[in-house]
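Below you'll find a set of structures to go through.
Shared chain: subunit A. Partners: subunit B in the first complex, subunit C in the second.
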Partner chain A sequence: MIDTLLGSSFLYACLYISLSICCAGILFKVGRWFIIDTGPVSVRVPRWKRVTAAIRSMLSALAGRRALHLFRLILLEGLLQTRILKTSAWRWMMHVSIFVGFTMLVLMHALDEKTTKVLFPEYYSTLDPFQFLRNLFGAMVLFGVAIAVIRRIRFRKPIVVTRGSDRIAVAIVSVIIATGFVLEAIKLTSERVYKRMTEAFYSSASPEDENALKAYWAKEYGTAFASWKVTITPELLARGKQIHEETCASCHSSATSAFISHPIARAVRPFAAALDRHGVELWLYYLHVFACFAALAYFPFSKLFHIITNPLSIVINGMSDIKDADTPAAAPRRALELDACTSCGTCNRYCSVAPVYRMLGNMEILPFQKLRNVKALAAGKMNNPAKLQEVSEGAFICTTCYRCTEVCPAGINLQDQWFSSRALLAEKGFPQPHVWIKEKSASEWSDRIHYSERDAHEAAPIKGRYYNLTDDSEIFAPCIQCQTCTNVCPVVAARGDSRDAVDISPQKIMNLLRLGLNDLAMGSRMVWDCLTCYQCQEHCPQGIRVTDIIYELKNRAYLRFREMDRWKKVDEDAT
Partner chain B sequence: MKFAFFKGCRIPYYLEQYGTSTAAVLKSFGVRLVELDFNCCGYPNRDLHFESFILSAARNMALAERKNLDILTPCKCCYGSLKHAAHFLRGSRRLRDDINALLASEGLEWKGTGRVMHLLTVLCDVIGLPTLSVAVKRPLSGFMVAPHYGCHALRPSDVVHFDDPLAPSIFEDLILATGARPVDWPRRLDCCGNPLLNKNDGISLSLMRTKIEDASEAGADCICTACTYCQIQFDEVQAREASRAQTSRLLPSVLYTQLLGYAMGLPEKVLGLGKNLIQLQKLT
Partner chain C sequence: MTLPKAHNYDPKRIFDLMIIGSGMAGMAASLFAVNRNLSAVQAGSAGGTLFTSGLMDILSVYPPAERRVWDNPWAALAELRKNASQHPYARVSDDLIRRAFDAVTTFCGAAGIKFRLGGERNLKVITSMGTMKYTYGVPESMWACVEALADKRPCLVIGFQGLKEFSARQVTSTIADEWPSLRACRVVFPGTEGRTEVYAVHLAQALELASIRESLAERIRPHIADARAVGFPAVLGIKRTSVITAHLEKLLGVPVFEIPMMPASVPGFRLKELFDSELPKRGLLRLIDKRVDSVSRLEDGTFVLSISGEDEVRTIRARGVILATGRFMGKGILSDRRGIFEPLFNIPLHQPNERALWHSERFLDPRGHPLNSAGVEVDEFFRPVDNKKNLIHENLFAAGTILAHQDWMRMKCGTGIAIATAYAAVEAFSEMFIRAESKVVAQ
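Now for the complex of A and B:
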């Protein structure tokens, strides 16, 4: 219907190229789900077993009453997206608008030859209700995109982190819809398009009739005719209407039902002649079509891919026991989930340890960032010890409270991701602080403190503390070394084999503080194996806050040790 | 009567039955529980970073204060953490100002006007033992229960104000109200070992075993807990360790709300006794 500059075979070639890139991309992505290794190395299963496990669980989902549950999941959480509704009505509206609008446009507009024409034999895209619907669906998509953009402006770091992929997704969808609207508007105003259509469908009997139809289209459709001066009389319009009804109306309903394109047409009308001269209509058409092709080719690699991964993740996790994830099917599921995350930030908003993030300032504490770390770890992209230390801190500060898993709109089993990534980090030598600190003895840590502080030329004192028990001799000086604390300490009593035994007793800690040897207490097993049961403090006849002192030693030690390179060899003679 | 219900981080995933049984028991005494947008109580991070612990706890208390509600928590570690934070905030003006400056970004302020109460205190002192006794429909006569106090509610007594730290009696009284008999066992005030789980399993499990043996020797049919962590230790961890060591000698552990709820005739669906990994044989 349009004289294409490059010919329709070229467009078809482009369509098939982008379609094949899309299909190959999908295959590549799905294939990777079975290849990517997440979680600890010790429990990894061979890849073929992952495939068979996935097939087995898919088949079992179709059996008996489980099929009913599957149907319910697809309907409620997949199509109606009730998981999003749980946390935010606005996001749900955004999502449903874009999803319904875009899907309908693809089906009834992009694939009109395949679907709409088959369903409605009288179909013409310029006929109502199709013309109206096209505008409606386009408007829905833009409405959704607008909410998405506003949301991303309103909620920023650390709640929502907007990256290139988010911007590209929004941009590509907006370009497709916006060019669609403007293209439709320009076609309405374009004399060139008018000429093309009348040449094809209307052979006029007289210049009078030609003028009549022009007058009618200029009035009703906003078509702009350059250097055309005719006095428009009601009679002329009536005649024009008659011709229109005879020739055009069977394919063209009133343009006002195009409630977005029509006002745009009115607005661009003064420039119609210039637009026509430069062939803008054609360029917009290409922009529109090539944006669609680009989106199609980019789809498997873009954020838009979540149209596939989210329902999959929702269904898989909805069908399986979320607490019993230790099966061969878990590996491909975890890999799929990494693709399903849309970085919507819902998990961050509900994170139970968000205040800890605010205080420590380590982004790796927040769930959204943690899932990205799982991805980086799986890709083998994370090897820097300092970075791994930060990631490990985040992983173990998480209290596995389950809230992020409950609210995740993509239905990702985040809880399982946290467990498996913790195990992997521990395997890599980055377990929780209580474990890595005890890998060295108290005196080794003490050496390292001296070494690193000499290395840094000056000791960085910990500033801004709100209470200071370990440097205030009035706190621990009253200790009479009566050993009550040691005698009531369950950790001291529980010393089993030498591996678990504590190195110094609580009363010795008081002694070290009195000697000013705080550094020697900070990395001690007694401090890091303290149960915080407060027996010592409760029983101290001198009222010394023994447990609080141990807490403070831990706090001070942790802030120092986390900054140290703990793999560096220390020249002990030099200290 | 209305409380802000502070569940803590562990109940939703690890110990659902504590949440449902607590809500059900309290509901039958006309107590309404409101769930606010709470975060972690701060306890797990007190080891590492004092300020993080205080901000976490203060935010929770400020949320409840904004609604003019007192906090009720079924977890002793959450209880201890919130009480400690309030204690430190009261003690230092500088700390209070700095924390409030951070809370202000959410329109919150810690004023220290709201109370933090443990579930057992609410049951014993607010609802009252006589009311509990009246509600008991099927007294658990002859049932021997070893009350496990839990450290963080009991000590340090000058901060937590729960009961007499050396000779507490609240738990025994509450067990008596169900018609069961509290067992006097030497280690009732000792730690369950859970704080060192995954940090030093040797000590953690040894403490747990010592306590279980002690309760068994004292003739207990079960241990009774009123703390999320203690229950996880005595139920889940004990069961896991037993299957690893292939021993069959197990001592069940029940939550106090399960025990009371059972005596009150509340349905199993809310009590979740079946969700405990080590099943009580004698009760049913």
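Now for the complex of A and C:
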């Protein structure tokens, strides 16, 4: 039964089915890169132009000295994965272990007929060094997977968010490797396999010799022979060794080099007869093979697809100017990058405004969450105004400091993603706060605060750590209204046109604070146009923290206006 | 005593002199210290020199209760000394005051702000309030006013639309009795059309451009008529006032002058910029916007001053300290329910015995208020002493308006006190601690 199914047309059929799913999936994914666009609708490039632009830039990458740069990128950032090493040695170890281990297993073991056998004609999977290497690579993968799991347990939300796709990827890889090891172990212990092999390769001259070989295998390989009662003597073993060397050793290295499977074999030996009886070896074989087929078919839709997308993203972004990324080829690149993100969370760890998440509790501030939003927005899956408002807030809190792009192991140009998706958000009616706040004047905002909070006993206290400059009279009382702040303010100076002139100059803001009229200052152009250049604060002869005060006013204003204007508006829209 | 051009902060380094305060007295003391090749460090707020009008008084009113205005400051000083006043001026000679003024104006002149001094007389200028003011030194840009006012020549005062702190009409109508040929005219400053409010520094910055000056002159020219000089609010540039004034004079064909304005005004801004940029070049370690929080003193007399910043505390060691922190505005003196106090060294102050005596009954009492003469009492070397005339520390000096027994606002002697006492204090420190040391070495 075993022989009929090994290498049977059924398995081949399954292989080809999963292979074709894989190929179709890859085609589908690559095709999508040229179809979706995450940028604003107004400046979209026709699809055929995206294709030609992509081809053109690919060709130009091969020309002259750029080819050298390309080679360096592939070697260092692609194969040696220096981008991961940049931020974490552990992650690099994890990634290299899994990558090298798994790739080598695929090449040396899964495709042995096509690769290893061609390179090494004397190849047998049970011969050293192949037997040893197979164990080594398998151990590497398991080691890497273990680090990955520990990492996911240790770093939780908001740094790393583990989702179904992450679990499936880890599970599939673990199942393939684990079944491989156990299968190898069971084969060692199985009497049935022993019989199959001896029937095929060894014709015994006498029962004495048969026993000798059995004794030798039982001792050296851990094979368990049921209902076999022979007193094992040194002479018998010596004879067994002799037969082994004559008959088996050309294909079987010592079991000790299978440094993982062999101990497993010892452990399962007591149950070997039962396992044999139920044909577990066969079932494990199917599990192993079908797990591989499943991985193959699932590959383009899984996290594992980053084996292709990450090097592509690294190379494309490494070859282009990330600060001037708006070309016709930008749209396919952005779409490709969406597939390249593995949600590793590195961007979150380095995000400059991640601490704001602790204040506002809005997950959409964090870069990898934002990238998911970009994906959902582009796919047109995000239409709930309340959600869009949250996403808009997250998008605009970002300072585009380039830190996430700098550390992204996949080399994704995250800034470009932020810029283009912001523009799209603005198009959808969710622009930056200073745009919607300027739809009303400072006094209108002040009135709205008055009316909307009239019934509340007092404004809700702000949670968490917060500076309190605007309520502390010690801070602004020393102001003598000398106008120095206003005189040195570049924003006041630059507003030549009376229509967008600064309405309440810095020294007037200080005066409003002294009068307790903070509400009137909150919606002012000054507060919302302030560049935080700190000229006023540095020049203030009274040492007042003018800029810090204005900055705090802006933050406080945002919290209140958002509640009054955006959330309510959103509610109206929803009803 | 070599001075590095740029000091790197070194907590172990012992400076010769630490100057606390960045107003006129602190700046002058820093200048005199670096002029004497002392290693000096200065800390204080962003800069009280911002509040100066650009005019330099020595003494114009004495005694303040009589509101007697003096044409000759030196005669006023003689009168003050004759009356055995405890005024800080009683401890300095005329010669020292002249040397101090000379040093400051030479420094400013070299850095681009020329001053004209009255010599034996006080100079007369008009202010943005339309009042007449006696002062000892004026910037070159205000000199034409002194000359025009002396002869009561027909002149034109220009105001700008939207510049709230200056009204040409107010100037001319207030001074009309004394200077009837002064006319007022309001124009729109080029580039500010339609704006309800404009700011002096922005106008000054704009005037640095020749094209703005040309178009401004274009707007003024029709109004000149018989005017033999044109007065502006003090906004004629920040860095290159002499060039701007000369260009405007050429464009208008008559002398041009600036009228000092209420603080904080552009001439104060110029002085602040000048001190901020020029003094560090001469070797001063200037800690801008850093206030000294606390002071301790080692056994050998070295002061250890701690200065807090946003996220670090620095300590500075110095062999001597000049306290030039001013009075209430400069936070050199603070007050509470029990009285006024000096927060840093806790120097006992000369002050009224109880709160009820701080102020006179009438706000505008010409004698001023007793609190206006409160402050630090010093010995002949400007070293603070307590109420029993005992020295606080032999290497602690005080200068400027923190000193007691003067009412500089009513006596019009603020700059003079600041500069002269700073000079005297630096000289005393240098004589006592630096020259004495070199004498020992020489022997």
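By definition in this document, the second predicted complex is superposed on the first by the 437 of 575 C-alpha atoms of A that agree within 3 Å, B and C clash if a C-alpha of one lies under 4 Å from a C-alpha of the other, contacts with A are read in each partner's own complex, and residues count from 1 in each chain.
Here is the rule we go by: a residue touches a chain if its C-beta (ideal position, glycine included) is under 8 Å from a C-beta of that chain, and two chains touch if they have at least 3 such contacts.
Being a predicted model, the structure only gives us computed values, none of them experimental.
Contacts of A:Asn383 after superposition on the shared chain: neither subunit B nor subunit C is touched. Taking subunit A as the reference chain, the count of touched residues is higher for B when subunit B and subunit C are set side by side.
Touch criterion not met for A:Thr256: it reaches neither subunit B nor subunit C.
In the superposed pair of complexes, A:Cys482 makes contact with subunit C only, with no contact to subunit B. Once chain A of one complex is fitted onto chain A of the other, the partner contacts of A:Asn468 are absent, as it touches neither subunit B nor subunit C. By the touch criterion defined above, A:Glu538 lies against subunit B and subunit C together after alignment on the C-alpha atoms of chain A.
Contacts of A:Ser441 after superposition: neither subunit B nor subunit C is touched.
By the touch criterion defined above, A:Gln432 reaches subunit B but does not reach subunit C. Annotation: subunit A residues 496-497, 538 touch subunit B in one complex and subunit C in the other.
Residues 9-10, 12-13, 39-40, 42, 44-52, 54-56, 59, 88, 91-92, 94-95, 98, 102, 151-152, 154-157, 165-166, 190-191, 193, 195-196, 198-200, 202-203, 206-207, 210 of subunit B are the ones that touch subunit A when the two sit in their complex. The residues of subunit A lying in touch with subunit C in their complex are 480, 482-484, 486-488, 492-493, 496-498, 501, 505, 538-543. The residues of subunit C lying in touch with subunit A in their complex are 45-48, 50-51, 165, 191-192, 194-197, 199-202, 205, 263-264, 269, 288-289, 291, 329. Taken in their complex, subunit A has these residues touching subunit B: 323, 351-356, 358-360, 397, 399-403, 406, 415, 432-435, 438, 465-467, 490-491, 494-497, 499-500, 528-529, 531-535, 537-538, 545, 547, 551-552, 554-555, 558-559.
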